[in-house]
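Below you'll find the structures, each written out as structure tokens.
Each of the next two complexes has chain A plus one other chain: chain B in the first, chain C in the second.
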Partner chain A sequence: MTTVATARQTRKRGAKGRGLAAVPRIVSMVVLTVLVLGPLYWVTISAFKGREEIIRSVPTFWPETFTLSNFEQLFTSTEYPVFLTNSLIVGVATTIVTVVISLAAAYGLYRLKVPGSGKIAGIVLLSYMIPGTLLIVPLYRTLSGLGLIDSYAGLVLVNVAFTAPFCTWLLRGFILAVPRDIDEAAAIDGAGPTRTMLQIVLPLLVPGIATVSVYAFVFSWTEFVFASQFIVSDSLQTLPIGLSAIIGQYTVNWGLVMAGTLFTLLPTVVLFIFVGRYFVGGLIAGATK
Partner chain B sequence: MSNSVTSRPAALANSRQRRPGAAAPSARRQPLSERLLGYGLIAPIVIVMAVVIVFPVVNAVVTSFQDQRVIGSPSDFVGFDTYAKILGDNAFWEALGRSGIWLVANMAVQTVLAFATALLLQRRGWWSRTARTWIVLPWVIPTVAVAVIWQWLLNSNYGIVHQLLGGIGIDIGSPFGDSAVAFFAVILVNSWHWFPLSAVVIYGALSTVPGEVLEAAKVDGAGAWRTFWAVTFPILAPVLFALGLVGSLWSFNVLDTIYLITGGGPVDSTTTMPVYVYDTAFSAFRSSQAAAASVLTVIVLAAAALLFVRFARPKED
Partner chain C sequence: MRSKAIMAAALTVAAALALGACSSPAADSGDDKEIVLWHMEGTPNRVAAFEAMADKYNETDPEYTVTVQVQDWDQVYSKIAAAAQSGKQPDILFAIPDFATYVRGIGLGQPVTDVVDALDEEYGLIDAAKAPYLDEDDYWAVPLYGMVQMLWYRADMLAAAGIEPPQTWSELRAAAEALTTDGTSGIALPAGKNLATDQVLYSLMITGGAADFFTEDGEVNLDTPETVAAFDLYKELLKFSPTDSASYAWGEPQAAFNSGAAAMSIEKGQYLAPFAEESGQDPSQLGCAPIPVADQGGEPGSIYYSNGAMVLSDDEAKEAAAGEFLSWLIEPENYGDFLNAEPGLFLPVTTDGANLEQWRSNETVSTYATCVDAMLEQSASGELFGFVDGQYIDSIGEISGQNFLAQAIQQMYVNGMSAEEAAAWAQEQMQMAIS
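Right, the complex of A and B next:
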């Protein structure tokens, strides 16, 4: 009884002190909002400003003359559409291959648990920890030995090697959440292991597949280091390299550069809005295991 | 968003409790067809990792004992000569030192930002609810976009930050072009890019701290500080440990942010180890030196990681 009373008292005192105590909190909220959303807002409105307005010494916080000319120029007089297409091709291919490979691996390692699974899973995760820096030089040689330098396939292969281990690990949580009793029920109904996997467990993993797809696509969409060395021809370059080349050519035309930037970041943002929560949930589940 | 973020770990916890009861079929009883299927399913990832990771790593070690210049050109075995050359190269040590500063500064800035953010995300109210969705944006957008955005914001002629600070009499000059501040400017940009990941993970871990325990601690008269160290921190420890280990490795390996903003300059002031290796291989065409530097770096990293695991791993009870 007394403890309840004290607790109530403390709470009341807390409520009274809220006025002043809230100041640092509200200040940090404002700072954080400006820090995170401010730059994105500024890029967005910059892309819609005219050539003269964007370099004015007194900045306008909303475009005076709302123009699409930056986007027009981006798509008609630069190579941007080519880079965009390349990024889409590599991104989609990376996603499909990653999903197939990591789903298969996760099912074998965490569901069927064949003898040696624990060790194999450990080695795969460990090799993922090896710094990419170490690999740039020898990987170039390996790919040229396979005839995969300057090709979509080479880039997809490298991307997959960097997405698949993490995705396998992400899928672990989703697979463990599917009750094993389902297997027995399926076995009683006469389903073999392959049918159980494809027709019964797989449909339950859709959120996991969505998470992994987004991770793989975003990785490939963002990847710079390998694409910059393993792709030689301009006509095969992906967006990160293409965009930085455009910046080099059009340094003074910031509106154009901002339009290109906006289009480059938009797909990742849109995808994340759809499946971000699964992704974050999977990350947390993995980290708090 | 908040719901799924909190419910996932819970769901996982349930499935874990169930696991011992419904243990995996033992090796003896697992039917052959299932085992074959299992190995067949695991094979592709093993093959990909062997081709893209394991084989090249072996290759890197071999190359580091040769005197190769342009990648793939003919070369002879020279033993530890290349290593001797690297160890006598000032640029290598400077890059390693810069990487050390880079790692510590990035982790410090990001941890502080992430913790503060996580505490704010945990509160009730519309700000926290909406922030849980948009807080991740800096992390989701491509690095090339991050690089361009900050170059635009900090542009010394037309950049908004420059204009706003100029309005109150502060001249920041051109942060990425000034060798005295470029390194710290890039560290801040990289932290902006990565802190949401830690923030969201810490937020998720914070929400696994049972409310009743916190309430009980309060009733017992423990202050906020003591409650944090006695109740919250032990629950967060495993997550912070994982985050510290993986985050440090990721941070150390960052190449694109630096390369896209400053290219390692001005006057090498932002040349960390990955930039040094990249330039040595692809600008200076000294494959063997690049390989030797990578091997040495991996040894240093592995040693540091082992020490970290040895001394920072939370005790399991």
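Right, the complex of A and C next:
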């Protein structure tokens, strides 16, 4: 009986100790959650408030007068649907081209025996580190010479120039994780390098492809500087530019801004819900292998 | 099987989007019978109004039709430079005086003296609107609309505190202090590194006798007792402004004012249109007064922005067509609609414009007629740094573009500099920028 009681006490003390030990973890998780989700919550509920309530000095944590007028105004009095469509087109195109280029580059640099591949890989990554704003004027001239100013293709080209180097490096870890024995086995079975890449190695790189896809799409979705410089027509403007214009100079319609921000966030949130785990895992894998 | 079908469908959609991206034509068609206009008034109502004006003009069947494209003020400096290098600049570019000097500095802009003189003769352009564009005996932009600052106050809050609208600096300071209570700030001022802060500070510099901070040789002469006094006042007033003022630009002071979190603010006519809806107050509770003047040596005034349009095309026919369009905008039957793109903020630059029925009958303008008239009166004594009393400082864009006045405020507000130190610091920075 005494032994049982002692064991119970020990278990209680252990559980209490573990509970106490978990407090900092739980507190930090709560703080982090509030920090990360707090602004998102605020944007969301503000989008459903009226103009008076949204700027009230004593804020309301839930809309007193739930309204959809901000969304209605967003879709009827602004070119938001056009901006959304443009961002989707540029984002998807950037993603596809980035995946194709970075996959081919990474495979060549890290899988095939290309002379000087190590140096080339270093130079590719170095190009990623050049601040984009320094390149605005030369890029403008180049795109202008190619007749690509004010076009989707021009913007996609520039986006890819900045996503492909990082994505190539990101794929390095995934490619190195695929055993070379597989290549040799495929070669014995008569597969050439292209077939080995497409039919043997590529299916094993799906998490890596998901990672670079998310990165390229989010880069394009949030890209502001190049879109603001290389797109001139209203009909081709992307979401960040459109939102910036909605904020405007001198006057700010906060409800409209919140509604626009919410709808801008949604696609990336949805994307992360479905493939976020690949992205996080992929970044870790790319960085550690 | 089903997942393969979904994958195939997804790939088809993605490929279609990607192909759409590659096949989209450049929007700038380069049509020889088209005039491309860039403006930076990106808020939805202004975009719609400007496009409506272009459509109305194009319906008159002109030889050159007008296409309007919206740009962002924050990006237009680098964008116009890049466009100029590639010969892709627009034919008409909206501008303010300091931006116009920058545009001319990169080799763009045609004189529009004939157009301005003709408009002046026919409708009477106010001096504050046209003078900042005069250099080397030529006008470099056609003035289209003006903006001027006022002291806005919540009449309900001042009445409750038994305070009259301040007319002098000492009254302004006393009112800001008296109106500051728990949860309410006496005044909401911007103190961010932005043009909003530049503008409010400059209005106080004008009424303190420090409007002109250049020597006759174009050297910076900011570090004067008048400037120091204006800096000191701003620093004092910031004690009665919301604690997050260091991040304020235009929208935040207005939100604080309309919500009742602040009793006064200094800004332009954009305060009129949303006041009743955002504050929930009767329009009569929005008070306005001239910018308070220094107790000693002060003079009435305010910053005044003349917004104009530069003609960039060097094609003679397009130049003439651009001039025709800009003149058409000012014609009485069109000008009211143009000003109503942002009623209350956009003020007429013609002496006749103040009486235009189209403009006067606008709901915002008619509701706040007293304040609109006060702004028109204030416009007469409006000034802009770099263009005071016929000055034309070529390098003013280097100063306004870097927000040195706002940076000086931050040096005081964030880094604790005294007004004297901040004025000396700003003088040094400005001089280095234009050297």
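Simple rule for what comes next: the second predicted complex is superposed on the first by the 238 of 289 C-alpha atoms of A that agree within 3 Å, B and C clash if a C-alpha of one lies under 4 Å from a C-alpha of the other, contacts with A are read in each partner's own complex, and residues count from 1 in each chain.
Convention: contacts are C-beta pairs under 8 Å (C-beta built on N, C-alpha and C of every residue); 3 or more make two chains touch, one makes a residue touch a chain.
Keep in mind the model is a prediction, meaning the values are calculated, not measured.
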Exercise for the section: After lining both complexes up on chain A, report clash or fit for chain B versus chain C. Expected result: clash
Exercise for the section: Considering only the touch criterion stated at the top, classify A:Trp254 as touching first (chain B), second (chain C), both, or neither. Expected result: both
Practice task
Check whether A:Ile136 is in contact with chain B, with chain C, with both or with neither, and answer first, second, both or neither.
Solution key: both
Practice task
Name the contact category of A:Glu64: first (chain B only), second (chain C only), both, or neither.
Solution key: neither
Practice task
Could you tell me if A:Ser144 is touching chain B, chain C, both of them or neither one (first, second, both, neither)?
Solution key: both
Handout entry: First, second, both or neither for A:Ala93, with chain B first and chain C second
Key = second
Exercise for the section: Look at A:Glu72 in the shared chain and tell me whether it touches chain B only, chain C only, both, or neither; answer first, second, both or neither. Expected result: neither
Exercise for the section: Based on the superposed arrangement, let me know which partner A:Asp189 touches: chain B (first), chain C (second), both, or neither? Expected result: neither
Practice task
Check the residue A:Ala153 against both partner chains and state whether it touches chain B (first), chain C (second), both, or neither.
Solution key: second
Problem - chain B versus chain C, judged by how many residues of chain A each one touches - result: B
Completion exercise
The shared contact residues of chain A with chain B and chain C are 55, 57-58, 133, 136-137, 140-141, 144, 225, 229, 244, 247, 254
Fill in the blank from the handout: Interface with chain A, chain B side, in the complex: residues 1, 4-5, 7-9, 11-12, 15-16, 18-19, 22, 24-25, 27, 30-31, 33-35, 37-42, 44-46, 48-49, 51-57, 59-60, 63, 71-72, 116-117, 120, 123, 127, 131, 133-138, 140-145, 147-150, 152-153, 155, 157-158, 160, 163, 192, 196-197, 200-201, 204-205, 208, 215, 218-219, 238-239, 242-243, 249, 252-253, 255-256, 259-260, 273-274, 277-278, 281-282, 287, 290-291, 294-295, 297-298, 301
Problem - Residue ranges of chain A in contact with chain C within the complex - result: 51-52, 55-58, 73, 77-79, 88-90, 92-93, 95-97, 133, 136-137, 140-141, 144-145, 147-154, 156, 225, 228-229, 232-237, 241, 244-254, 256
Fill in the blank from the handout: The answer for chain A against chain B in the complex is residues 3, 6-7, 10, 25, 28-29, 32-33, 35-37, 39-40, 42-43, 46, 54-55, 57-59, 100-102, 104-105, 107-109, 112-115, 117, 120, 124, 127-142, 144, 146, 157-158, 160-161, 164-165, 168, 173, 176-177, 179-181, 192-194, 197, 218, 221-222, 224-225, 229, 239-240, 243-244, 247, 254, 257-258, 260-261, 264-265, 268-269, 272-273, 276-278, 280-285, 287-289
Fill in the blank from the handout: Note: in the complex, chain C contacts chain A through residues 14-15, 17-18, 20-28, 38, 40-48, 68-75, 78-79, 81-83, 85-88, 147, 183-184, 250-251, 254-256, 258-261, 267-268, 270, 273-274, 277-280, 342, 345
